[in-house]
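Presented sequentially are two complexes of chain A, the first with chain B as partner and the second with chain C.
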Partner chain A sequence: MSVTVEWKGLAKSYGAHSALTHVNGTIAGNKIIGLLGRNGSGKTTLLALIKGLLRPTSGQLLINGQAPFENRALAREICFVRDSRMTYGSFKVREALKLASASWPNWDHGYALHLAERFSLPLEKKVQSLSLGMESSLNAIIGLASRAPLTLMDETYNGMDAPSRYLFYEELLEDYMRSPRMLVLSTHLIEEVGRLFEEVVLVDQGTIVLHETTEQLLMMTYVVIGTAPDVERFTDSLQVLHTQVLGNMKSAVVFGELSKEQERLADLYHLDIQPVPLQDIIVHLTSRKEVPSS
Partner chain B sequence: MMTKPISPVVLTWQILARSTWLTFTLFWGVSGILTVLLLAVDSPGIRSSYWEQVFEALNIYAFVVGVRVTYGHLTILMNHGVTRKQMALATLLFALVFTLANGIMMGIGFALEHAAYSSNAWQEAFAQPHLFKTAVDFPAIVAEGLILSASTFLGGHFIATTFYRFGKIIGMFSIGLYLLISFSLEVRSYSNAIVTFTSDLTRKSDFTAAEFFLWNGGGIALLALLIQYMLQTTEIKAKTR
Partner chain C sequence: MISMNAGPIYSQIAQRIKDDIVSGKLHEEEQVMSTNQYASFYQINPATTAKGFEQLEEEGILYMKPGIGMFVSRNARDKVLAERRQQFFAKIVDPMIEEAYKIGMPLKEIIARLEQQEGAKDS
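The block that comes next holds the complex of A and B.
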């Protein structure tokens, strides 16, 4: 099952507070998508709307043409794991996995147990008494073993130590290769997980400000380094996201594709052109007041 | 190793039953032990039934179980692919089994207590009006236990769901509404009110059995409808550490 998620003028408010406004766009196909943005930008609200936990205030959200709120057909096709504590009550880890196995049509229990072993998750321990990192491991296992056609992971790896996080990335990629599906990952750890993203959706101040393939986004952002007057001349008519001055030297992060003419000018001014890591692009894009439209 | 998912309604029912069986066992175990202890230490003679007091405790217990349904289970069930409608239906089915089990436990308790009274040639009496006249009228005891615990279970469920759905202010109003409904429905409260207001200490009950079922049934149906509406339209709030 290939999934298409469409937002058409989607908005969500909590009383007087507007969490999302004018959200438009489409994500489709089996791919790993990074949902990125600053704290409070609206990422979790967007994911909760996709899962059908929340109802849009206005506009439409359609998954394969259907609204997800109270949708029996979609309820078991969308797995949403998040960083918050789900109310497992007195459930042990083993029981939580059993509950998941009774819930998700494509659940692979053998794989879940294999992951539990790899993450050193104690099956007989109560979920409530797990550390944050351990609970995140449980959520990651549920997200992966559910094999849901649309899997949403909201800061799933919060609190995990570095070896566990790298184990998760490794398993995520391997399992995705085995069972392609749409995986949407919301994260702050862009540097670590960014290499997995095929597409990036950037949410800022309650709306989607950018949706690009990761490759395209990396290609259309670069940093120019040289003497301050030369950098200023070069970037005069370009969209500059960020500048830094050190003595006589200046660097400028430019958003926009580098044309042949600009390459020639850079050579002429003896400017150094370098790529910008994904995390820096996101930081620069979301720390500007005006974000350029792609 | 692929597993087969089970029906969301059945899954919900199982989760509710799982989270209740321990308190259910504890409640009836402790009630039984206390009754036996009181019977053992009390001197013989004319007395009220001790087991009758369990009705009051049962109301509180059923209320607490009702309160826990929404806050304890809604988020996790929604996250596991259960819809609100399926959860609401499963909760009603659970309430039916839970309250029937309570009624049966009341009936068994009265039968055992009656046997103890009879074997000691004690004379038993009830302090409150009931649907039953004797402690061995099992069907009427079960019916009263079922209906009273159903109304308090749904009362707790109703108040908690209102708080969840609409927040604190409207939630507070739901407590008032529930008290109004329960006050006008619960046969003993109703009778007590009549007794209090008229000082007619001889009056025990103003409801016939038919009226009792009609009024309580109406109240239960009203609460169930309100809960169904609220559950099916509520949004799921994140529960964070």
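The block that comes next holds the complex of A and C.
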């Protein structure tokens, strides 16, 4: 089963507070997708809506043509992991994994136990007494071993130390290649995990502001550095995300593909053109600070 | 290594394979690792690796043996060398001349240095 998630004018409010508005777009296929955005931008609400935990206030959310809210058949195809402590609190880790295995038709128990060993997760310990990092490891294990056609992971790295996070990324990639499926990961650790994303979806102020392949995003953003007047001349009609001035030098982050003509101009003005790291692109795209573009 | 700070990852992958062909780590008619093996090794998305392979296939550096995998083309090394030679002046020599001009380095000294290096290699 290959998954297509479609949003059509989706909105979700909690009382007077609007969490999501005008969400439109489609994600489709067996891909690792990064769900990025600042705290409070609406990522978790979006994931909860996909899982069918929330009813949309207006608009539509369709998964392979069906609405997920109160849809039991669809629920078994979608694994949304967070808060193991709340779900399995008084059970031992071993029992929690057994319980999880009953929820997911594609569950691989051998793999779950293998992961528990790799993450050094104590099987006989109660879930509620796990440290935050251990709980995140358990979340990660459930998400991976579920082998659900659509797996949603919401910041599944809280409290994990760096070796555990890299172990998680490694397992995620290996298991994705073994069992291709749609994996949506919300994260702030773009520098660490960005290279695993085939596509990124950027949520800002309650709506999807960008959906692009990671490679395309890297290609369509660059920084131009030179003397201020030259940089300004160069960026005159371009979309500038961010500028910085140091003495008479200026740097400008430009959003838009660099054309051959622009390359020629940059050369003419003695401007230096550099790539921009994914993490910085996301920061610039979601920064509240209005920077004059020239 | 592959860097998130150095532009599109697929072109870094393509560049790396070309480097390996130039240095002789990869021979003509030799099978290259699969996209999944590359993805695993560099911890990157396999679709990205596939895009890098696609570019090399278009350039005639790699070719596909159906059901087996990707191989280095027969004259891949010559092709990459020709490309590198073509870029040599623009990428290496011209910036050097610009720098020399900036810091007032006489052309004579540069030529002397080149000849000295060439001599050291010959002997």
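Note that in this section the second predicted complex is superposed on the first by the 283 of 294 C-alpha atoms of A that agree within 3 Å, B and C clash if a C-alpha of one lies under 4 Å from a C-alpha of the other, contacts with A are read in each partner's own complex, and residues count from 1 in each chain.
The criterion applied here is as follows: a contact is a pair of C-beta atoms (placed from the backbone, for glycine too) under 8 Å apart; a residue touches a chain by one contact, two chains touch by 3 or more.
As the structure is a computational prediction, the values presented were derived from the model and not from experiment.
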Simultaneous placement of chain C and chain B on chain A, clash or fit: fit
Touching partner for A:Glu215 - first (chain B), second (chain C), both, neither: second
When both partners are placed on the shared chain, which of chain B and chain C touches more of chain A: B
First, second, both or neither for A:Gly65, with chain B first and chain C second: neither
Touching partner for A:Gly247 - first (chain B), second (chain C), both, neither: neither
Superposed arrangement, angle subtended at the Cα centre of chain A by chain B and chain C, nearest 10 degrees: 150
Partner chain(s) touched by A:Pro277 [first = chain B, second = chain C, both, neither]: second
Which of chain B and chain C A:Lys31 touches, first, second, both or neither: second
First (chain B), second (chain C), both or neither touched by A:Tyr169: second
Smallest separation of CA atoms, chain C relative to chain B, angstrom: 23
Residues of chain A that lie at the interface with chain B and also at the interface with chain C: none
Chain B partner contacts - residues on chain A that touch it in the complex: 44, 48, 51-55, 70-72, 75-76, 78-90, 99-111, 113, 132
Sites on chain C touched by chain A in the complex: 2, 4-10, 36, 39-40, 42-48, 51
Residues of chain B touching chain A in the complex: 1-3, 5-6, 8, 11, 15, 19, 71-73, 75-76, 78-86, 232-233, 235-236, 238-241
Residues of chain A defined as touching chain C within the complex: 31-32, 169-170, 173-174, 177, 191, 194-198, 214-215, 218-219, 275, 277-279
